[in-house]
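Shared between the two complexes below is chain A, which has chain B as its partner in the first and chain C in the second.
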Partner chain A sequence: MFRLHVKYEWVSVWRDRWVVVLSLIFFGLLFFAIRNGQEKVLERQASIAKARGELRQAESKRRGEIDSVARGLRQYGEARRNPRLLSTYGQRMGKVVAMDAQPLAFVATGQSDLFTHFAKPKLYGEVYSLGFSELANPVQLLFGSFDLAFVCVYLLPLLVLAFSYNLLSSDKESGSLRLTLSQPVSLFSWLVAKLALRYAVVVGLIAATLLIVLAWHGIAMSTGLFWLLLLICVYVLFWFAVSFLVSLFGWSSGQNAIVLVSVWVVLVLLVPSIVSQLANAVYPVPSRINMIHNYRVAEADAEKRASEILTSYYRDHPELGQQDSTVANQYQFWLKYFASVDVLKKAVQPVLDEYDGALAQQQEWVDRFKVLSPAILFQDGLNDLAGTSTAHYTDFRHQVIEFNETWRNYFIPRMFANELLQASDLDQLPEPRYQSRVQPVWAIDLLLIVVFAAVVLGVSFRVYQTSSAERWLAS
Partner chain B sequence: MLEAVNLSKSYNGVSALKGVSFKVNKGDIFCLLGANGAGKTTTINLFLNFISPTSGQALINQVDTAQQPLATKKMLAYIPENLMLYPNLTGVENLHYFSALAGRKYPSAELTNYLNEAGLQEVAHHQRVSTYSKGMRQKVGVAIALAKKADVLLLDEPTSGLDPKASNEFAALLKKLSELGVATLMATHDLFRAIETGTHIGIMKEGNLVESMTTDQINHQDLERLYLKHMN
Partner chain C sequence: MIREIVRKELLEIFREGRFRVALLTVAILVVTAIGVGRQYYRQVNEQHEAARRNARSEWVSQGSKNPHSAAHYGTYAFKPKYPMSLLDNGVDKYSGVSIYLEAHKRNDAQYMAAQDQTALSRFGDLSPDFILMFMVPLFIILIAFNSVSRERESGTLRVMMSQGISPWKLASGKWLAVFTPVAVLTGLVFLVGGVLLANLEDFGLFSWWPLILLALVYLLYYGVFINVSILVSASVRKSSLAFVLLLGIWILSCLGMPKATSVVADALYPYPTQLEFEEQIAEDKTNGLNGHDPWNAESKKLEAETLQKYGVDSVKKLPFNWDGYLMQKGEEHEAEIYFKHYQVLKEIYQKQSKVYRTSAALSPFLPARFLSMALCRTDYHAHWHFADEAEKYRLMLVGRLNGDMVDNSRTGQWDYRADEKLWRAVPDFAYEPVRYQSIVEANAGHFLVLLAWWVLSGVGMLVAVRQMKVF
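== the complex of A and B ==
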């Protein structure tokens, strides 16, 4: 019986020109979205490769110079032009800490248009910023770019609804439902079969389009792709379930359309926007201006007391004292700064902590309230799979700051010891090893969307049980 | 065989049907006459289990339609006033679908036979139903009844809106089904057709069956007089 319903539903769908037109439009949207996403990924990879390439070139040039100078084959003029100076090398030749794109990065732009994907550590400078242009981080659950995530989160439900809103009501309105229900069939299995077929058509369409477009753009297949498809399937299932529930109330096609579009507006537009706005209102991110101001005040103060700070710094770190005290340390200017870094840090730490804390609390808030809408869960899952979520960028920022510390810890003690670089030292420099430390959350998101779909289907079943044929046949 | 036993239906305390009883035997064609709102369609809907009776029973082959709707629906065929099929499917596909729903599967040659028997011109068999006229759709409805081997046929004003020729063909089909032993219950406004094709006539008024007779007891003029007497 099920197969019979499915077979004829398929024939009907196949002969419906509207469905073909919808499919073509959707194919076009997906094609464009994936192309957009992939372009961004390529730009990102190109900018990282460029930075790495430039550094490699500069390194080999510098290695030659250091070697020549060390062997006395080359003069450099003024003392500050000595290529062997630790201060110059450490400040200008920082390693590239890069966040390479994950295989599914094309799926969701996420936060990737807000942050840079590589940073170079420096000895001197405002530690906290490190090339992160955007510090007043909006929890960007709202509109992003036109990428696959946008098409799937916002437009896909509309496709599903357009495809299913009048499944029962059109038969009721045309009158064929009376003939169908005069046969020994249950309306429930009949409707489930019709929806199942349409569900399969939508999912099949997405899977096929995705594979074709990925092959077209030469994007490699990965296991992540399977999970991506699964996530999409579950989200589509949820929207079919909503359509199923609404159709069981036996309203007209027009009423169904209005109710379903309202549900879409609430779940896809209103709830995410309210959650995001509330997150900003309840846990406002401190102003960046304020942070810079505090930093500069502390800096100016530290400069004034530089010698005093350095003296007490030596008192606290006797191990850093120069062995040969008859020679003036050539890094004198820098040492004062390094000594004052601790003072500076202490001065700005509260602001930094406030910033990090607010971000963490916002994230927690969103994590807590994302269960209010499958659309947020789905977007969250897609960002996670794409490796472009807020968590990924926060993790990257922390790893950059950590590497910056490692870099300084390599140079600073040597500068206090008044050393110069050897060409062989260049092989001993710390290397950044960025590896995402973010715990994947997409599986949880997926499960929660399944729960949503199951609840809606459960309610549907209840509505069906408490209704009689009168509800669906009454005109 | 079809039987209404003290059948009543009320909506929010308003009675639409007040204890109606009648019986339609094998091969009989029972024509229900009456003004709009007299309870004819309500009676048919009760046999289809589209609504549940407030009291009484609607029986098909002694089986209560409210208790075992799936079993009774296997035994009946239904042709509403405006029979609608699936517009994107052809006549043959619609017939295959609806007869298979009733648990009867036929090879396509046999489906064609049923459509021919119902008088649907061969050229239309493989056209989409969206191109069919109402008369053609009714014929597919009859073919479904034939293919289902229904014992009971429920008709709700099937000839309204049909041209005289189509109406005449339809009456001939009903007679054919009646000869095959089908018990037919037909709600109609067409007194002439009722006398011509029916074996029994019932007149309904405000939810009651006020007259019941066989057609050989009465002619068209007398029936019209009797009908109008009840309506005034």
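== the complex of A and C ==
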């Protein structure tokens, strides 16, 4: 009996030409979105590969020069043009520290359109104030990208609603609900079965579409993909739950559609923007403008007291102050310059650290607001899986700054020792190894969406218990 | 007759719970958004004002030093916020707030707000433009989707037609009935906004007529949505189908098209990466004249020419400071390099803008979006204008400082010091925003497209009402 119900339900879903049309539209949207995401990833990888390739070429050229100069086969004119100089090499031949795309990067553009994906930290220069921003048309940033995350966060719920808005009402309108109620089947379990069937259809459709499109674009399968599907399934479940709840109120199909779309507008468009505004109103982003001022004050102060600070700096580094040594250090100019840069850096670093600390704190607070909306949670989870969240870019920036330290620590002691580069030294240079150190949060997001879905289902159950059959039969 | 239809329609609309809930929601949202926006605007403006004063006082009180050191120390230009940004923040979140002005280098605007925020902010903020651009059209769809189909379903359409009402009158009556609450709402928003803006401290920057123009743009935009809603309502049999179709149209024009156009614009005319851009400039710099590099071939040539011109055999014998002169020449040369490369960027931006303008034929949202940002001076063009003006100021600043060195010190006299008198003599950066006249001229195209949308969708609506099925 029950099986027959499910069977005919399946037939009626399948015969609905809207289902076919919507599935095709969805397929097209997914195709376009994944293509765009993949295009961005390929662009990103190409620009990194180009930077690496250029560096490799320059390195091998430089290696040849160093080698021939070391063997005395080549003249270079003035002393400062010596290719073996550590100062020149360290400044001009900085390594490419790159943030390679993660396997699921095509899923969500996230913050990747705001930041660079590779940097070449130099021996000196203000790496700590590097913006890491990418050139882009801000209009494009305003409109956002047409990526899988957009399709899933915004449009997927509509597909779900289209599949489920007439769950109960169509039966009422066609009169079959009376028949069903006269059967020895509990209406609730019958509804859940209907819902489960439609859920299975939607999830199957998404999974199949996703796999076909991914295969088409030649994107490799990974375990991450499984988690992505799971995350999508949970989000879809939430929307089915919402649709289920609304259907229990016994309105007509048309009314259901309007109510559900209104819910969609509220949950996907309004709540996130209200939460975003609220979060920033409660915890304002620390002012960059004030930071600039504090930075300038510290900078000017350090400049004014430069000689005094430098004297104490030389006390810490007596090797710099040496004037009476028999051989003058050929890097003396640079070492003194570094000393003054260090002095300045030491003065402004607290300002920058304070700002970064305040910003990290603010972002942590704002991050908690995500629990207010399943759409935000879902977006957060997708960005996390894609490796394009703010946390990923902050982590990358820290790793660039750390590598810059490593790079300097390689060169500066050798400059103090007044060494020159050998061709063989080039193999010993520090190599950047970027590895994301961000703690994954998508599992938490997933659980929270499950909680949302469970709450809505729980409320549905309450509504079911407190309603009578007359409510659903009344027209 | 039209008046009766409007009266009856308005009565029906106002009686509906749906309408009252939606109206109340939109009203609360707008009030909140304007309140929050005003607070934010004042806060930013205070910060900005303080920053501008600080930058100047830091500049003036930097102590005595070589003018070229002062040029390296540099100063900051801060992008001002204008009163109307309260209504539409445009791309401000995605363009930096300050530009560091220093010798030898044109810097980009730093610190875009979006970079300091988490991905949450990418959902958009609850700002007046969000409500005006996205929510009000939804509100229109909600009250107009069944304006004709409802009459058909209840049979009153037959009655009206049998009484010989002309489709033209029916359509305009329906149209006005939807337009009236929308226009009242929009009018109120702009009136309240205007009064709030007029009461801001920097009232001088605010004038009413761009605000009225902006209101007109929005009313035109809403007119398109009303036309389309009635068109669909008249041509589709079932109200619920009309609703779904209209929602689809809304998603396509407000969410889908802008994003899809961005993809196309970026694919057709991609920006270089930041590093590529910097390396191209660096390459031109090494092949060109470098003020700090007197061994460079081109500066040698300049030296020979100058020596010949003054009939002396050493730069020491020149009647001015050769180092300063050379640095200034280097600065001018570098400025040309920057100009060239930024011009390339600007061309890419203009080509991308053309793509956006073309696709405006597919979405009324796009011309309205661009017009709104432009009138509020928060569009990309306004940002370019600011960046260009800041660059002009930077060149003037560095030129003045180098000039002082050339005139008042001798070649090689690096211990020459200028003091506060010189720093004060350099005028402060006084930025004049884009003039409204040029905004209007530059955006006339968008306005025409929006107008075309209005006219064509209006004609479509009339045709649909004329040919609609009564049963």
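We take it that the second predicted complex is superposed on the first by the 405 of 475 C-alpha atoms of A that agree within 3 Å, B and C clash if a C-alpha of one lies under 4 Å from a C-alpha of the other, contacts with A are read in each partner's own complex, and residues count from 1 in each chain.
Definition applied: a contact is a pair of C-beta atoms (placed from the backbone, for glycine too) under 8 Å apart; a residue touches a chain by one contact, two chains touch by 3 or more.
These numbers were taken from a predicted model, which means no experiment stands behind them.
Shared-chain residue A:M221: touches no atom of chain B or chain C.
By the touch criterion defined above, A:L447 reaches neither chain B nor chain C. Look at A:S389: by the touch rule set out above, it reaches chain C but stays clear of chain B.
Ranked by how many residues of chain A each touches, chain B and chain C are led by C. By the touch criterion defined above, A:F146 reaches chain C but does not reach chain B. Once the two complexes are overlaid on the shared chain, A:F115 sits against chain C while remaining clear of chain B.
Once the two complexes are overlaid on the shared chain, A:V282 sits clear of chain B and of chain C alike.
Taken together, the two structures place no residue of chain A in contact with chain B in one case and with chain C in the other. Those residues of chain A lying in contact with chain C across their complex are 32, 36, 39, 43, 47, 51, 78, 110-111, 114-116, 118-120, 131, 133-146, 150, 154-155, 158, 162, 253-254, 257-258, 261-262, 265, 269-270, 272-277, 279-281, 284-285, 287-290, 292-293, 296-297, 300, 303-304, 359, 363, 366-367, 369-370, 375-376, 379-380, 383, 389-390. If you check the complex, the residues on chain B that touch chain A are 48-52, 69-71, 73-74, 76-78, 80, 82-89, 93, 97-98, 100-103, 128, 141, 154. Listed in rising order, the residues of chain C touching chain A in the complex are 18, 29, 33, 36, 39, 43, 47-48, 50-51, 54-55, 58, 62-63, 73, 76, 78, 90-91, 93-98, 108, 110-127, 130, 134-135, 138, 142, 238-240, 243-244, 247, 251, 255-256, 258-263, 265-267, 270-277, 295, 345, 349, 352-353, 356, 379-380, 383. By the touch criterion given at the top, residues 1, 4, 8, 11-12, 15-16, 174-176, 178-186, 468-470, 473 of chain A touch chain B in their complex.
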